[in-house]
Amino acid sequence: MINVGILGATGAVGQRFVEQLANHPWFNLSALGASERSAGKPYGSIVKWRLETPFPEKIAKLKVVPTSPKAMKNVDLVFSALPAEIATDVEKEFADAGIAVFSNASSHRMYPDIPLVIPEVNPEHLGLIDVQKDAGRDGFIVTNPNCSTIMMCCALAPLRQFKFTDVRVATMQAISGAGFEGVAAMAIYDNVIPYIGKEEEKMESETLKIMGTLKGKKIANAPFKISASCHRVPVIDGHTMAVWIDIKEPVDKLKKAFRDYKPPIKGLPTQPAESVHFFDEEVDRPQPRLDRMRGNGMTVSVGRVREGVRFMAMGHNTIRGAAGASVLNAELVVKKKYL
Amino acid sequence: MINVGILGATGAVGQRFVEQLANHPWFNLSALGASERSAGKPYGSIVKWRLETPFPEKIAKLKVVPTSPKAMKNVDLVFSALPAEIATDVEKEFADAGIAVFSNASSHRMYPDIPLVIPEVNPEHLGLIDVQKDAGRDGFIVTNPNCSTIMMCCALAPLRQFKFTDVRVATMQAISGAGFEGVAAMAIYDNVIPYIGKEEEKMESETLKIMGTLKGKKIANAPFKISASCHRVPVIDGHTMAVWIDIKEPVDKLKKAFRDYKPPIKGLPTQPAESVHFFDEEVDRPQPRLDRMRGNGMTVSVGRVREGVRFMAMGHNTIRGAAGASVLNAELVVKKKYL
Amino acid sequence: MINVGILGATGAVGQRFVEQLANHPWFNLSALGASERSAGKPYGSIVKWRLETPFPEKIAKLKVVPTSPKAMKNVDLVFSALPAEIATDVEKEFADAGIAVFSNASSHRMYPDIPLVIPEVNPEHLGLIDVQKDAGRDGFIVTNPNCSTIMMCCALAPLRQFKFTDVRVATMQAISGAGFEGVAAMAIYDNVIPYIGKEEEKMESETLKIMGTLKGKKIANAPFKISASCHRVPVIDGHTMAVWIDIKEPVDKLKKAFRDYKPPIKGLPTQPAESVHFFDEEVDRPQPRLDRMRGNGMTVSVGRVREGVRFMAMGHNTIRGAAGASVLNAELVVKKKYL
Amino acid sequence: MINVGILGATGAVGQRFVEQLANHPWFNLSALGASERSAGKPYGSIVKWRLETPFPEKIAKLKVVPTSPKAMKNVDLVFSALPAEIATDVEKEFADAGIAVFSNASSHRMYPDIPLVIPEVNPEHLGLIDVQKDAGRDGFIVTNPNCSTIMMCCALAPLRQFKFTDVRVATMQAISGAGFEGVAAMAIYDNVIPYIGKEEEKMESETLKIMGTLKGKKIANAPFKISASCHRVPVIDGHTMAVWIDIKEPVDKLKKAFRDYKPPIKGLPTQPAESVHFFDEEVDRPQPRLDRMRGNGMTVSVGRVREGVRFMAMGHNTIRGAAGASVLNAELVVKKKYL
């Protein structure tokens, strides 16, 4: 068992990390980092647990510590649920102190020497860890993409065998993506908010890095264009998106590609049986409420592949799109013996 | 005052017709058609009024009649809120009996001699009324487009001055579009349904007719391609849509086009001051709950014009997109003296 | 026309005040008070308008002033939408400066010399204005009750002719009651929050004062017991409540009381035709979405009077229950020549 | 393993039965009854699975049979999710054919010789099975209460030690209680429907039977009065209710009763660790979204016990309040060796 910690353990993503790690077969959750004023108190007494799954009682007594390498020196690996503005410095500090950082924050995603990884899509990008080590860092940082980006890239993975140059995506994103307090009920109820700050930019830049190629010590961006339009809808969990891709092959070939898809890695503890579930027959799927918990929230669902070429993709934004993504990255790193 | 009737006066669109016509300056609502078993009863005793605006009491005592030209012979003009499967025959029957039919049903929209009209977009298509008359019909049929199509065409109108060949649209449509009983709460709550039967086909075919050119006795379709992806979201009223259009001009020129837009007609009683309201500054508009009632529900709102070219459009689906659309068409027909 | 101002003009209740006053026949909205840093700027440039009714453009250019009597010396009367913690001092300051204050804040409601008024229920309590004047205050303060209290008291008014000693009320309150940012979407979506801070206490204490009797210079509390259980539900506007009252008369007599009810005042500009609308026949009314806008949001709807005695009451919490309540109080004060 | 069947296996409650029984340690789900026209087809091909838990694949191939004792002769026990109007005859037919029927339908609940049971509340009422047998029936019928009744009775159980004569309950019920198609989205969205057909009558009559005493061959009703007001709110699953009960003991004693409560039975496979979870400290619990899945949906949560005496109760209406209730009853019957 590897001792692990969480940075920012009380927020929406932090709670998801606790949920995902409470019974993990490889990781022993032994440090919960939160704000200074909570330090020293049992996690159960300070967290306002808001997930629908029951609070993991065995974590309740764990005492919260400050988010510093010194306070968390008993761990080899931390998961970061910090907000971007704090993450930039704190994650570097942890990595410099020899700790492996798996970050859900956007701060370091686009750094050339930091891997932005989805295990089923670009596991080989972990090679950038060596670039970080070569530069003298004791630990390292591995990031996972923005929640919407993850769903789209998982859905694009089976289509990489085809030629395409132009991707358009219109998202219908869940309110949990903004954190527990991020969206006021008065703002989103009976409404659509056709704007999510920096989301379109993230989808457009991150995707090209993820689907790019590691050449030597650098990632060469993927050679296609992507244009995103991002919108918030009144859904609790699950980002749904309509995708257009200019593949000229017959639609049946794309369907077969989704049907037959096998990801390049397998056997990680939280990896779902299907990284992509394909709805071949049903005309009205995927739907967030019915499909977000497939594969314990780690499966991305795809459906409605039709002329255009158009299709729908959907996945759980705070599991597959956040905490679960980081945990899966950590499992990959362990398996690949980078730790 | 012109005496008018409504076909299918008790349903979701029928009630909107009643609401729009109860105090109309040109039209005197004098016949309400419903099913045989309701005939003879006061409207107020059989309708289950479900709009948020108060029930127009003066209409309450009007006795319901069967939906036949004979029972409605006191009117010169009817508005049809019939379901498509019934509308095909009934609307023809009324037109053959010398009555002007303004239909919200999809049945006749794509007939070559029947105008599919949005007054601000293609008023000249009313010329097809003469084609119908020449063929020996006493009355005539005028249709308005599908609700989503209307919003998109209104939003495209200011852009007709530019060259484009490729339009993509992803919709987030309100539940009222399916009628009062059309969508179960269990189906849409905390959910997105990424499919609306025939909606994409309607948007794709109707748009090309509306934006086409009347040449002699025929409409030549508009020469661009359109690809739609239609989705239902938990919103009561107001269809929101993300549009891509391949205009090569600078974005500022498009913004100016929206800002300066003047529709080709003016002065109709229910025509809004702005047929298109343009959000130039706000990054997060239009929003259905805040913007659907602009211009008494007849204004289409546009915003977020940005590189791509991408923009958002939104309008009230059961007013601008249904009952209000038919009423505006009737006003245009009266003004153009076709009646 | 009387010049009036609003204290706290940008929040949820402040915007409702602007909406209610923009076209008022007696009041000329001429001063909008907000925070120091907004002072001097046009209202239209600082308010984030979030009501569904269109922004009243003629108010847009009005320059915002600080909330001090000095900055608002051109007005005779102010409406206070201030939060309770600020209202206590600021409202006193205005009253001491000779201005009539109509407050929606809870701060002064229970002061013995300050009237807590619903015009249709206890107009005679305005007599306390004289008590304030006698104590040497130049202006005065008049308060309206908490939103839930107003609905219940309006619904109880027709029943005062009967003997009762025990009232129980279970509320289902709208999210707008907590202000625009008061309830996070993640907290209330697909949920009920069975607690609203101080709401039960307010309903229990305010009701007894409102339904009490002015004797000399004091209010003697009404002699019944009231027990409230208050809950938040996912509704935008409109507080619904189930009421039990131990009246021993036959249910038909209570129905008649609701049916025949005439409030003790009439003819105020924003007073609705019916202060209480009674659903005699319908089994499933009132409903907030369908009934909250009755009487422009000023009518309280009552239904389901049945053995128990039990009934339902519902009204618009930010109009009848807040801004509209204060405006109606001000109209009463003008009519009664206290100003 | 006991072979069991489901009557009405495709509806909302039927699907919950499938979910609860797919992996049951004592029951082998071997017959799925549905309409004639589905008979012979695999369950997976005809059910439109709408639960958020994944469809149990091993059940998919089971062939659907007609709902007749003949077609289901391989089972010893059936669970009935039939609508009341059908259940009356069909359930009798099964019982007469020697099969044990566990019914969620309301049809037989109030028959004097049919037990209406909640295992933690009135297990001894199973004695009525003997009354049925004595009357010559080969099988027997056991019913579980209406969903709201179950929550309330579970919450009242710890309070039976106190004297009380008057219970009032105001419910806020979930839309799933009406079945998948029971409530239109247009009806409940942004709304409260203050009426649920026959619900108040059921709560009032069933509670007195359940909390009554088996004397000889009859149940003597419990000697208190109950008055219910039932309302539908926009929540997917979980019925919340505010309860008043006229216990004169200090509130702390009631809290202690909830805290110390031990149900009279234990050890049934689906019985939760806590049949009642008591929120002692939190002021804003229980909440349906956060608490409905406690004890796999079988725990009833209680909170906000305060002067009045008032408290809140909440439980999952289609698990604890329907399918799970029947399954728990069947487990009790097996344990008590009635089968």
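By letter and in written order, the chains are A, B, C and D; residue numbering begins at 1 in each of them.
Criterion: a residue touches a chain if its C-beta (ideal position, glycine included) is under 8 Å from a C-beta of that chain, and two chains touch if they have at least 3 such contacts.
Since we're looking at a predicted model, the values are computed, not measured.
Engineer: Once you count every C-beta pair in contact for both, which comes out on top, A-D or A-C?
Structural biologist: A-C
Engineer: From chain D, which chain is the farthest off, judged by mean CA positions?
Structural biologist: Taking each chain's C-alpha mean as its centre, the farthest from chain D is B.
Engineer: Express in whole angstrom the distance between the two chain centres, defined as the mean CA positions of chain C and chain D.
Structural biologist: 42
Engineer: Taking each chain's centre as the mean of its CA atoms, how far is chain A from chain D in angstrom?
Structural biologist: Their C-alpha centroids are separated by 40 Å.
Engineer: Give, as an integer number of Å, the spacing between the C-alpha centres of chain C and chain A.
Structural biologist: About 47 Å separates the centre of chain A from that of chain C.
Engineer: Touching two or more other chains, which residues of chain B qualify?
Structural biologist: Residues 50, 189-190, 234, 236, 289-290 of chain B touch two or more partner chains.
Engineer: Quick check: in the complex, which residue numbers of chain A touch chain D?
Structural biologist: 49-50, 52-54, 189-190, 289-290, 292-294
Engineer: Applying the document's contact rule, which stretches of chain B touch chain D when the two form their complex?
Structural biologist: So the residues of chain B in touch with chain D come to 12, 50, 175-176, 179-190, 234, 236.
Engineer: Where on chain A does chain B make contact in their complex?
Structural biologist: So the residues of chain A touching chain B come out as 168, 170, 172, 189-195, 227, 229, 231, 233-236, 238, 240, 242, 244, 283-290, 303-304, 308, 310, 312, 314.
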